[in-house]
Amino acid sequence: MEPSRGLSAPPGRALGAPIAGLALLAAGVVALPQLTRDSYYLDVATTILMNLALTMSLRLQVSTGQLNMAHISFMGIGAYASALLVTRVGISFWAALPIAAVVAALLAFPIGGLALRVTGPYYFLITFAFSEVVRLFFNNFFVDLFGGPSGLVGIPKPSALPWFGRALTFTTKLELYTLMAALLLVTAAVLVRLEHSRFGLVASAIRQGDLLAETLGVNVFRYKLTAYVVGSLVAGVAGAFFAHSHQVLHSSDFGLEPMVLLVVFTVIGGTGSVWGPVAGTVLMTIAGELLRELHHYESLVFGVVLILTMLWAPDGLVALPGKLARRRRVGVSLAP
Amino acid sequence: MPLELRSVGRRFGGLQAVADLSMTVAPSTIHGLIGPNGAGKSTVFNLITGVIPLTSGAVFFKGERISGLRPAEICRLGIARTFQATTLFREYTVLQNVLVAAHLLSAPGLGSALLWSSRYRERERRARERGLALLQTLHLAGLADQVAGTLPHRDQKALALAMVLATGAELVILDEPMAGLAAQEKAETTSVLQRLREQGLTVLLVEHDMKAVMGVCDTVTVLDHGLRIAEGTPREIQANPAVIEAYLGVEEPGA
Amino acid sequence: MRIRASIAAVVIAPLAAVVGTVVMGGAQDKTLSIGVLGPLSGGAASYGVELVRGAEMKADEINKAGGLKVGADTYRIKLVSYDHKALAADAATAANKLVFQDKVKYIIGNAVGATCNAVQTVTEPEKVLFSFVCWGTNNLGPDKPHSFRVMLSQWEVAEPFYRWVKEKHPQIKRVAAISPNDTSGKDTNTAVVKALKALGFEVAADEYYERGTKDFYPILTKILAAKPDMLDVAAAPAGEGGLILKQARELGFKGAKGWTAGTNPFTIIGVAGKDAAEGVWSPANINVRSDFVSATVRRFGAEYEKRYNEVPGVIAVANYAAFDVITKAMQEARSLDTDKVLAALTQKPFETVWGRLVIGGKETYGIDRQFLYPVVISEVRDGKVVDIAQVLPTALKK
Amino acid sequence: MSIDLLVQALLNGFGLAMVYVLVALGLTLIFSILEIINFAHGEFYMLGGYVTYYVFAVFGVNYFATLGFAILAVGLAGVVAERLIFRYLRGKTLNAFIVSLGLLWVMQASAQLSFGVLDKPVPSAFSGIVRAFGLVISVERLVVSLSAIVLIAALYLFLRWSRPGRAMRAVAQDADAAALQGVDIELVSALGFGIGCALAGGAGGLLAPVFAVSPAMGALPVVKAFIIIIIGGMGSLPGAVVGGLLLGSVEGLGSLFMGSAAVNVLGFLVVILVLLVRPRGLFGGA
């Protein structure tokens, strides 16, 4: 599946913008709990941060020209791995988190390696097939281990950490928010850094012309696989957090519907820039929560919002300010 | 011998696009590949660079068999090419295009990119400098920050050439480098090609402009219907009755 | 707090704006907000929609009668319902919104097993009273004292049902059970198989299908090859159960038919067709048009049909009854404190549309949190649902 | 395990395969012409089902007349959707993905709000079963399968011999070249989308009496259609037919030996396997 031509902020260039963007993100993340301690706001904000990790890493893969419909499966792999490591093996959350992420990344090698042999709509559909296999696996196989259709319950919250003689706990909404905020800021720093490195430069070149890149000596497969594995690693981290903050897991959490939402967030925000998914995830999640008030009409209105946004801002929300500014500039230049 | 084709063939279904083609390209020469439309010239390029697999024969570069390798591996061995329909990374600036092409020479690892080490920054800086220097030689330095998709045709052609050179290739394969250029621009391209030969590079090109081909090439190979019908110096080729026949039989040579 | 909230409004302006209107709107009257959750869109929407409608019917009844008198205060009831799309993660977010934003202390209604677990991670620590119709065994337990199931589940129904089958139809020896492959399906088949074995039946098949399946020929070919005397479409929803019966008949099945965890008898007759549905026994669903049910139920059914243009299934009736019972318990307790209401709930029987209802289930779940009421076994005769027997759960016999 | 049972299982799998092939062909036709994957395709199938419910079950019009009407009505709805929305999305696969998703939600929610949530039964137009050689097949399914085959044949003839059909194939092969040769891309695009939707609507009409109708009924055939077109190869009519038969036999036979959940895994594994051996499906171009 070919991503739309984004109006990319040229990567590999000026460091000012990415650092300012990261600083803005960090400031917003730090400011929110100063403004409200409302549990619902914090819960929604935590979900947004977790989804940001997922959409930003999905965007990394999209930037190499692949829409990976199995992204959510690696979140699931991370989630189940971490939950089982803590409840069955008995290790602490803090050990389970990195192991779960590595497990997700290791499984990304064979799955990504196989899926990336096909391209275009076939890639889209083969990754969808993989995601269904993973979901059905969690739902129907090793039911004693994964909980099967009843789901996996009783997952403990992250254990306390010693911190200069005190214990840092992670049980309240605020503490969980703080944990996810920390995880996200590290993730975002890595992804933004990557985007603005030569890796990001070559990765986005592949989306613009994979044959050209290949004949210029770019090992396109390796770049795509690297993006796949790095993305899956991030998804694994998000999954581990999800398991221990929600405390219950069900295979449908990693099915088509939540995956489709991730794609919606990413594309509505704009795939041309690393900040696209940020705009899309934040705005669309808030829109979704507002629409909850509409009960039966929620999905109807959400659908209309999607259609109109995509027709009005085909390059995503982040490309919109530039587009409006250009339109204004054209207006000015036409004046005598 | 940098490049050698041994009995190379390619079938598309029932169509034999290239048949039993053998040819060699000598080092530090400019070698032209000509023939009427549909003669299989672009197919030959695609076979050499691994874009499509060949159905028979083999290709060797510096004594090493390269047929069967993937395009990126072939490029890594020192062969780079342009495409007939000029392809660029259209969303990128001119300099970014060159930097992507130069990644083979100076691509830093994932780890050092993340750590943002001083060595990484130093390499990035050097890569930019080299890129700018290359653009200078092709009179593109002033356009370094222009978005490639917005460039005029002539500059796009020049940029495609710059990208091929940026890979550090020893053999550059150019698919119609003069197409659509004005006389003055063709002359400039010709002098660039000659300069490349002086620097020791080997050039293999397909071109429809006969005057340009005859003017710049050391050796010319003529293809018709996937078969090699002649090879020699421009002078020999121009006098070859088979060549004249092939061209007259199909269309007026040159443009 | 107000200042903080207004600063927050700047950041998340639209979010805060809506919440503001909700809070303001309720300011004049004493309002009791009660939450309802459920899938209101997608394939499982019929469950959620019936939950909301059942609650709506009772809430309107109470409001029309002047409100709910609890102690010295009278409350208007305000329903807050959210769609969780049958997704566990979304259910948790919706529950958070109900509990922390809408300040709801009662959530009456939820369906789809996996979402119940997710909601409980929010409601239990906050002592929010949560009632649902999910069938998962692990949704009830001593560690979840604020959670109730307001509909008979397979654990209450399967044994008395098959005891009745054994007594009245001794020629039935081999039974095949088929359910969807999810929490309710797994639990229902498990309960059915347990009852069958305890009563000396042979289990001809214990099969599952993916929810949403429409073509049952493949799975039925396998089941019918095992030559069952009776086919139990155990936890299949009405639409899928109807298709199973229809296709079983096409494949030549002529044995007895059961629907242990039946929901909406009219839909199953409609989908299966009169012939294929003929003779289906169901111990769990309710026939609001039957002469056997009380006048209240028939009136409920008639009003529901008038209002929504659809016949209510057992879930709508169950949530209507749950709303009735829990609001009565509030009046009993003369308080809205959930712990006091809990105590009132478990003290004595209630008279409901189901008939006499008690809250029990300790033997099965380790805690008395299951609504128990008479099991009415019905049979489809000539396209009509006819109640043919009533079986009392042991707890009600006392 | 008797041979009868095996053959019956195979017959079960083939029974409705052609109807899913019809859905798949609509999807792949739209893809070849507009280069978009229409996720709301199942909702056009649903629309066909509801049209059949109201015209046939409620108003009692002749079944085949109803079917024709459903095909026309849904095709028209498709043309409207293309003119209003999808023509702006040609070639923008990712944007079209999001928009068609939005349309899916809009159509499903609208159906639920206007038609109700409960399954609506559509009476069988043809009852009875045929028994032969110890095998069973219902007359209803037989008629449905044959009708689907007739529609597939009609589509084939249309694409092969009619002027608009040839224009569609030209656009599918190379839109720019077709435009240069004077093909009206706008017309072909609208027509292609309409016919694609009409096929889904026809399938919905065919299966309405077999499965009853409900607002969410579109999810299942679309997933099956996806599997069919990946196995067969995008844009290939014979590929879709073979893909449908392959999927049907895998599901039919698989159900004898394993639970239905495992059978679903099997279907997706076949997809993965096929793509690894032939990256563009069995009948996809090189």
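By written order: A, B, C and D. Residues from 1 in each chain.
Here is the rule we go by: a contact is a pair of C-beta atoms (placed from the backbone, for glycine too) under 8 Å apart; a residue touches a chain by one contact, two chains touch by 3 or more.
In this text the structure is predicted, and so the values were computed from the model without any measurement.
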Most distant chain from chain D by Cα centroid: B
Centrality ranking, top chain (CA atoms only): A
Between chain C and chain A, distance of the C-alpha-averaged centres to the nearest whole Å: 36
For chain A paired with chain D, centre-to-centre distance based on mean C-alpha positions, whole Å: 32
Inter-chain centre distance, chain B versus chain C - centres from mean C-alpha coordinates, in Å: 72
Junction residues of chain D - those touching two or more other chains: 105, 108-109, 112, 259, 261, 264
Multi-chain contact sites of chain C, meaning residues that touch two or more partners: 41-42, 49, 181
Touching two or more other chains - residues of chain B: none
All touching chain pairs, where touch follows the definition stated at the start: A-B, A-C, A-D, C-D
Touching residues (chain side chain A, partner chain B) in the complex: 5-8, 10-13, 190, 193-194, 197-199, 201-202, 204-205, 208-209, 211-220, 226, 230, 272
Footprint of chain D on chain A - complex, ascending: 1-4, 62, 67, 114, 117-119, 121-122, 124-126, 128-130, 132-133, 136-137, 139-140, 260, 263-264, 267-268, 271, 296-300, 302-307, 310-311, 314
Residues on chain D engaged by chain C in the complex (per definition of touch): 5, 8-9, 12-13, 15-16, 105, 108-109, 112, 116-121, 123-124, 129, 136, 138, 140-141, 207, 210-212, 214-217, 219-220, 251-252, 254-256, 259-261, 263-264
List of chain C residues in touch with chain A within their complex: 4-5, 7-8, 11-12, 14-15, 18, 22, 40-42, 49, 52, 81-83, 85-89, 92-94, 96-97, 99-101, 113-114, 117-118, 121, 136-138, 181-183, 185-187
Partner chain D, residues of chain C touching it in the complex: 41-43, 45-46, 49-50, 181, 207-210, 212-215, 217-219, 221-222, 225, 238-239, 242-243, 250-252, 264, 267, 270-271, 273, 308-311, 313
